[in-house]
Amino acid sequence: MKPDFLEEIYEIPGGENIKDCIQCGTCSGSCPAAPNMEHTPRQIIAMIRAGMRDEALASNTMWMCASCYMCQSRCPSQIKITDIMYALKRVALAEGKAQPKASYMAQVFVDNINTYGRNDERMLIFNYYLKTNPGKFLSYAPIGMSMISKGLLSMGAPERIKNIDQIRKIVAYVEKDGTA
Amino acid sequence: MSKPRVGVFVCHCGSNIGSIVDVPAVAAFATGLDNVVYAQEHKYMCSDPGQEMIRDAIKEHQLNRVVVASCSPLMHEPTFRKTCDEAGLNGYLFQMANLREQVSWVTEDKAAATEKAKVVVRAAVQRVADHTELHTTTKPCTPATLVIGGGVAGIEAALQLASSDTKVHLVEREPSIGGAMAKFDKTFPTLDCAACILTPKMVQAYTHPNITVHAYSEVVDLSGYVGNFQAKIHHKASYVNNEKCTGCGACLQKCPVKRVPHEWEQNLMNRRAIYTPFAQAVPNKPVIDAQHCTMLLKGKCGICAKVCEAGAIEYDQAPEGTYETIDIGNVIVATGMKTFDPTPMKALGYGRIPDVYTALEFERMCHASGPTEGHVVKKTNGVLTHGGAAPKAVALVHCVGSRDKNYNEHCSRVCCMYSLKYAHLIKEHVPGCEVYDFYIDMRCAGKGYEEFYNRLLREDVRFIRGKVAEVNNWAIYPEEEGRLVVRVEDTLVGTTRRIPVDMVVLATGLEPAEGAKALAQTLHMSCSNDGFYLERHPKLAPVSTATEGIFVAGCCQSPKDIPDSVAQGAAAAAQAIAMIKRGTVEIEPTTAHVLEELCSGCQICIPLCPYDAISRDEERRLAVIEPAKCKGCGTCVGACPSSALQQWGFDDKQIYAEIDGILANA
Amino acid sequence: MTSYAYYPGCSAKATGASYEESLMAVARVLGIELEEIDDWNCCGATAYFSVREKLAMAISARNLALAETQGKDIVAPCSACYLGLAKANKYLKEFPETREIVCGALKAAGLEYNGTVEVKHAVEIFVQEPMLSQVKAAVKHPLTGLRVAGYVGCQMVRPYGFDDAEYPVALDTITTALGATPVPYPMAARCCGGSQIMTNEEVALRMSKNVLLAAEKAGADCIITTCPLCHMNLDMFQAKVNAHFGTNFSIPVLYFTQLMGMAFEASGLGIEKNLVGPSAGLAAHM
């Protein structure tokens, strides 16, 4: 039980509101993905406040979050719950505690942006399934073919933005501070 | 004036001051100050021996000024003023130096504390030399009380006042007294019928020789000061002569305008243009709603006048009503509350989905004289009538508009209990109906309340701990077809649920009444952050306000149940009676006064006074202060460009002397 | 001439290509200039935030800086881009610490942002007056009798947004302006599953299934959307929803700009790129 986990949550802009949670469950009741989560959003907040850091970080809860913001919109204590979900993802990834597969999408996405400046959807899908589920990739063949035939998937090489160095400089600046 | 002979008394306050401040050193230091002829220390100055020491010293050393260096004036200034008075020295020739809240309690540095203590004492000694004798003034107290609001709190206050032979004016803005309680069917936890226990008190109040009920009236102005107020009452035009009206009800039967939404019935029923709000109305005299009466709008009809055997209908009453000014000594404000309108909480579906009700709407549904004659039924084609189909399952949703930063942060205190009441009533009215009660916490803190909860647990109510996130009316699963769906997390089980029901009752919270803020301004009262009226002290003075002579009782001060409203009504009455029994009021002398030779008549001060204490003498073109209204706040004193306004006990000379005392070594 | 800095987003050139096509066609008809931000970068959407916070905002803010040099407000057709840019914009203004880091990062890259840009969703620029009256005036073929479910999704209305977070009306307003009939649609602002279609497919399929089910129950001839990802889930994965749940949906899913284009009788709307073919009700207007 590590009560200072809460300090990390307070770092999020507006994160201090987590102190106001009365455990009413409106967030979970509003969440469309809750039935598939190991812990409901309310339970995750209870775990954070109880200092159950490792259990919270190992949960699949935040990886199920679709960022629909319904919880944050309705919370009677005005807690930025979706932002807390993002924070949990970040910390889990940084400490290698995230559930596998679930976090790969985000990793691949970020690598793509840092390299090309934009997200080529083919690269995203290709890299993601390569890492997680090559077999599944094949099952996308029909949809893929439809998309190609309708001109929704280009066939050329992925483009890089002109000033990709600006992106690199932005990344270097923020990363060096360790304040990402 | 004789030379000041100052006595300084330094208190240890046990170890509160003594463990940080070197009290003997401060007393010794005081001895060396100008004008000080005697200095002494004591463990507890405020104790009987301590006070005895001061009295003895005043006599022995012919002291004509006293400084007590101890705690905050808020604590013991009155104590020591009285001590001086008892020794024959005017209590205002006294000054306190705060060595506790402002010295020993804010630092652990003993040296610094002792130095500051010496400075503070010196400042007090220099100031007190310029003090002059001041005397409280005594004014008579008019032996009458104004009670604003005829709900259960106001009625209780009025009855208590009347039984002490105090004259009472009870002003109620609705056509009948009774307030919110008159709308209830049963009351928790005893399930007493609300009307059965309230109507006898209503009648008692109306018929009591010491109580004048001004129904269908509002207080529009209050002037004067404690003991001597004048209130202006606006009697709204009812177009019925109450002296002639016998309450036979013939007009109510015959009025052809039948479809006016009945606000008292939460707009679930219609009333006529001439109406009484409910059958047991007190006074039982109808009023004509000028917005809907054909005769008043178009000059045609007149049926009610024709059928009235007593000739009580008066279409020619002045539409603006009449005004009456009364004299009273004090005021009790018992104006009640309103319930939260859940329309903005779109997720709960009120106003969009049929059969989602507010608490008061459901209360009227349960009531035998309500829109469904007491049957708990669903709407038929959007209309609620007693022939509707009974629900198979009802959801009770707690905390609607309460404990919610998006609407009201406060807890409304009564909703857990009335939800339990509804759970029971549903089980009673609709045998076999499933009742789901969705709560965050179950707050049952009153007498018999927890036992009532246990009773409902036994009645097979399905209690689910979780705030309802959404109510919608479209089905995903077969068992939801044609029904309402409640989406919630069952937090104790830890899973989300979709529960099909046929009716939802929202436990809508309590808010300040319509017009509460405007009335506060009329009465010069303050409101707290939540909009309810501000009591003088949240713990020790719950029924008085910062304004002398104005008291509060009931839900207008904060959400509460009937027993607490009655208790507060009686408590406010007791304070009002105490004032009236004394027959006089003491006005503190630390008021502002005008130095007429310096006043230029610029009138800057007049609008600044929060208590309307300053007026203009037109003939002499000077500001005039009514000392009884002045609270000594100092605003006008600070604003006067000519320094023509000074405050007794806080004049410039005294304040500069105190500052000089602080800065003497700077 | 109303002019905006146009932020396409990564999907606009690929899966969301017909959204951009139809948006441009409609903008042409209404005389709105959409000047693409030169060298724009990915907004970060939801994914970047899962890895970095301040950096995600800085990456997003680069586009704000670029638009500021253009001197125009941003229009973003994709709801996730809209939120990504609007959130960065808002947090920069509200939280000094964030502003310091983000502006410092921009400066290191030779860029500058002074907070003068507003971020708008594509729906916003059409639904507010005086543009709404121009939309009505531009209708050549009123879509009379067409029953439309206006699917707004999430990130256009929550946590910020210009429309109601629970029961928005913007799309219904546009639908009515085009002469069509908006159907009562309780799932209008409920989630399709978003990017979970890739990471936790079953979850997203269930959520999309409910969105489609509500439209079907309401008797909609078509659904209109405001986001390429919502469109993809509801259109391209409609067959998979049917396979997974044994449902039988065949509801065409259009971008709202495609519906506008139909009413304007504009060409180049890319409707043929939608996977689910037109229903009878929709075909009657094509």
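First chain written, first letter: the chains are A, B and C, and each begins at residue 1.
Here, a contact is a pair of C-beta atoms (placed from the backbone, for glycine too) under 8 Å apart; a residue touches a chain by one contact, two chains touch by 3 or more.
If you're wondering where the values come from, they're calculated on a predicted model, not measured in any experiment.
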Remotest chain, subunit C as reference, centres from CA atoms: B
Comparison of B-C and A-B by number of C-beta pairs in contact, larger one: A-B
Where subunit A and subunit C are represented by their mean Cα positions, the distance between them in whole Å: 21
Intercentroid distance (Cα basis), subunit B paired with subunit A, Å: 50
Touching two or more other chains - residue numbers and ranges from subunit A: none
Residue numbers of subunit B (touch at least two other chains): 347
Junction residues of subunit C, two or more chains touched: 165-166, 210
Contact set on subunit C toward subunit B in their complex: 164-167, 186-187, 210, 213-214, 217
Residues of subunit B touching subunit A in the complex: 347, 399, 403-406, 440-441, 465-470, 487-491, 494-496
Of subunit B, residues touching subunit C in the complex: 346-347, 352, 472-474, 476
Subunit B contact footprint on subunit A (complex, rising order): 20, 22-31, 34-35, 39-40, 42-43, 74, 76-78
Contact set on subunit C toward subunit A in their complex: 10-11, 13-15, 17-18, 39-42, 44-55, 58-59, 62, 91, 94-95, 97-98, 101, 104-106, 108-111, 154-155, 158-159, 165-166, 190-191, 193-196, 198-200, 202-204, 207, 210, 236-237, 240, 272-273, 275
